């Protein structure tokens, strides 16, 4: 595993990054204990990396009554699994374990979200989200209205679609560059932190 | 057609937009003669709009020997058609007509790219691009090497994947918000400009 | 485009056609201003050509309250798009523009009929028609009854199925012979006739 | 079985048919010992019935070194099975048994043509034919050339495509009208005629 | 047909089989008049053969008001057809003809179970069974409850799933070893026994 | 999670099981520290349980140069993931971690076996195995010969097909009864045993 390259494309040494990215990466590495590979893989295209992180932060660092941070991560795991994206399933699976404080939910959602123990609200979110991920032309306005019936605000509904769209992009970039998840992600949230 | 709303989500009047977006929008409307609906539809989320435009400009406003601006638009039309995204097929179809100076190519690529009169290089780009769009897990490293064999640089190859990824996002946002193409796009590039 | 052959199979010069076909072709060319390529491509098999035109005329040159000529063309565009048939999408798209007096409908139906501005009646026709085109074993009697509920007569219901069936044939002949649409079709009905 | 109606649409009594159809039907019933249901089901639309029979005769009553009458029936069974068309599988399966003088081939082709004992030539015909039936946009010119390499003439190659196209139509008409096979077809060719 | 081998793997002569299998095989051959090829093909792995026959007998030699022996065979034909398994379609088709005393039902179910003349109960069984066969993740608890509403006991419902599961295994073993049906099966139950 | 029932069907208390199953279950629970839920879920049908375990032991408790025990578990994870079977992915994923002494491989295979770090031999096994799992009619004899070229014996090749077939059964039983994995499996092999 250790020899798997981080990307099929060039990986810029941290020291050579533009200052804003270097600072952000240092901060992330400091907080997580390691730098997620997707950061390293995107960095050779600073403008695209900045835009990607901006989209990510706008949609994922948000916690609303209708769509908690944990819910957003569950949606990412379900749609990334539908796209066979190992990096996103493993990295965001770790975040599901941490944010939902549930050691099993990420594995359940990744393999068979239909039988996973989701609330009716979150099940509706995941159902329409996976459809938007794999067959977007079939999403109906009625399904979006259904989400409102589960208590999502108009902003929450937009976020459902925008998160699925962002990871439609992310899954494909990761497949294209063949970015592997950091080994640390596989275990995060599975055992009590000592 | 005129009564089709521009989005299922709120559309902010131009006057109420943040100054940077207002300026950009005015510039685009000035150059094109109209404001593409996707601008208006994204504007209620300024941070997301800015990031989207940044990604777009980084990948689409580029012209390299291995992947011309026209080629990039062809790739967008082919993958957006695979996703049934009317806005992107019609708007970028207009750009194909203009940039490739070909009145028929966009229609050909949208319906059946396999029989479209593409160079072997562009055919290879579209083939792997459509696969990345619809079944990303099946893209192989060998296909990417094949693109190098057609003269694409490493940067061009990244761009192929990143463009497909960006429109995987874009197509889904447009489906989610049900953004219709501006009527003007249907005719652009079909008749000689007077 | 001009060098794309009209067919992968022999194309008989007009002068060498049997008199009845020659007369029909001359008439069509006279009325349209050009001879649609599908005529030229079928003509080397006069019996098949005659039978094809007979089926076409019986089903398409008909205008009923439940299924107007424009509706029939919309159905052809939707199912031909599902089959990726460029000739039929472009040629019958032109007829949609002319017969429905709508410059945008053909493009909308070809890319995403689900969001196209169709009446509930025509939407039901297109929905069952596309299913018959792509997965005929799944068509149910209940769906046919649904068409009656929208005001189609028994004859109209037969016509829906027979039109889809005819273009299942037509799309495949056109793919097999690789017949391109005449350039004229791309623009027909897009601009007011001077 | 005896109570299954012959069609969901009106069935015209023989006596009320136009003379040419009445004569043809009588002849067929005389030769076969029964009138195939598809005749009865199509007859309420005499023009369409005549055109259908003309296409059928032009393509199926033909025996060439590259594509024998038995081969044509095998192609019909394979593509009709792909479309789940009971009538065509059973009726043309009987014809396969009779024309190929093989009591098992029709069942083999209907369920799994890939393992059926077909000559390399007929296997190539069936392979491209089934592809044209189920996913026509993917048929390549190279596959057609491959048929030439197996000894098919240009006329034979056209016939392969045209037969598949005709039964794409036929399968859909039969599904639409829910025409059941005559009971006689199930047994024809399975036991030596006394 | 006579030269098609019984398996791609070794076939042990009857005389060399372990006594229990030899006895069972002799008994079957005696009762049926021939030894079904699947017995001969499995016998080189005696433990697997014994387990397979044990599963088969536990699930198929059973006749309950909610799921008769004939019903079980219909379910096998429908799901085996979905898997393109010639052996199972033909061998169990013969059993359908014999046990349901219907000469046409097996052919109807194999090609298009949706239009086959099934009772609402058996139709519901086949519908959920085929779904479990081809897309097991989509089976819902509600569908299982629906079977109870048609009069199936809890044991019957288990049997539906277990039969489909057993033939998911059986179909794949048969494909893997390319086991052809015995010629006798094609005709069994089609003509009155003299 | 603790409240998720072990099965949708009756679960027999250990004390009420037939002696042979009770003994086997006790032994397994003793060795593993817990009783895998699939044992408990199958036990209400003792004959089927015995046959299932016999098949399992014959195929999985085997270690050959061409197909090690770890390889067999990898094949189970890949095909079970294709079927969305949570129990099998998680339980056999634990066995992959233990038997292949690799903490990451199971997750990699479950989400995207194509990019997993498999030997060419194991990759060929998984490729044909997944095809047999999801589209058995398309498996070719050439693919089986390919496995021989990678050093598998005839017995190994049979085992590949038989393992896939067994888990085609197992995955469907588990879906039908909605058997959840024991919580212990999620963590097994992820951390060094103290």
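Chains: A, B, C, D, E and F, in written order; residue numbering restarts at 1 for each.
FYI, contacts are C-beta pairs under 8 Å (C-beta built on N, C-alpha and C of every residue); 3 or more make two chains touch, one makes a residue touch a chain.
These figures come from a predicted structure and were not determined experimentally.
A.B. asks: After masking chain D, report the chain groups that remain joined by touching.
C.D. replies: one piece
A.B. asks: What shortest step count links chain C and chain F in the network of chain contacts?
C.D. replies: 2
A.B. asks: Since chain E and chain F share one sequence, what rotation angle in degrees maps the C-alpha trace of one onto the other, as a multiple of 5?
C.D. replies: Going from chain E to chain F via C-alpha fit gives 180 degrees.
A.B. asks: If every chain is reduced to the average of its C-alpha atoms, which one ends up farthest from chain E?
C.D. replies: Most remote chain from chain E, centroid-wise, comes out as B.
A.B. asks: Considering only mean CA positions as chain centres, point out the chain farthest from chain F.
C.D. replies: Of all chains, C has its centre farthest from that of chain F.
A.B. asks: Which whole number of Å gives the spacing of the CA centres of chain A and chain B?
C.D. replies: 24
A.B. asks: What whole-number Å value describes the gap between the mean CA coordinates of chain B and chain D?
C.D. replies: Centres of chain B and chain D (C-alpha means) sit 45 Å apart.
A.B. asks: Could you tell me the distance, in whole angstrom, between the mean C-alpha positions of chain A and chain F?
C.D. replies: Taking the average C-alpha coordinate of chain A and of chain F, the gap between them is 29 Å.
A.B. asks: Which residue numbers or ranges of chain C touch two or more of the other chains?
C.D. replies: Only 84-85, 112, 137, 178 qualify.
A.B. asks: What pairs of chains are touching here?
C.D. replies: Chains touch in the following pairs: A-B, A-C, A-E, A-F, B-C, B-D, B-F, C-D, C-E, D-E, D-F, E-F.
A.B. asks: Under the stated contact criterion, what part of chain F meets chain A in this complex?
C.D. replies: Touch residues, chain F against chain A: 1, 4, 81, 84-86, 89-90, 102-104, 107-108, 110-112, 115, 117, 178, 183, 186-187, 190-191.
A.B. asks: Which bits of chain E are touching chain C when the two form their complex?
C.D. replies: Per the stated touch rule, the residues are 112, 114.
A.B. asks: Within the complex, which stretch of chain F touches chain D?
C.D. replies: 137-138, 140
A.B. asks: Quick one: in the complex, what on chain F touches chain E?
C.D. replies: 8-10, 45, 47-48, 50-52, 54-55, 58-59, 83-85, 132-133, 136-137, 139, 141, 144, 154, 158, 161-162, 164-166, 168-173, 175-178
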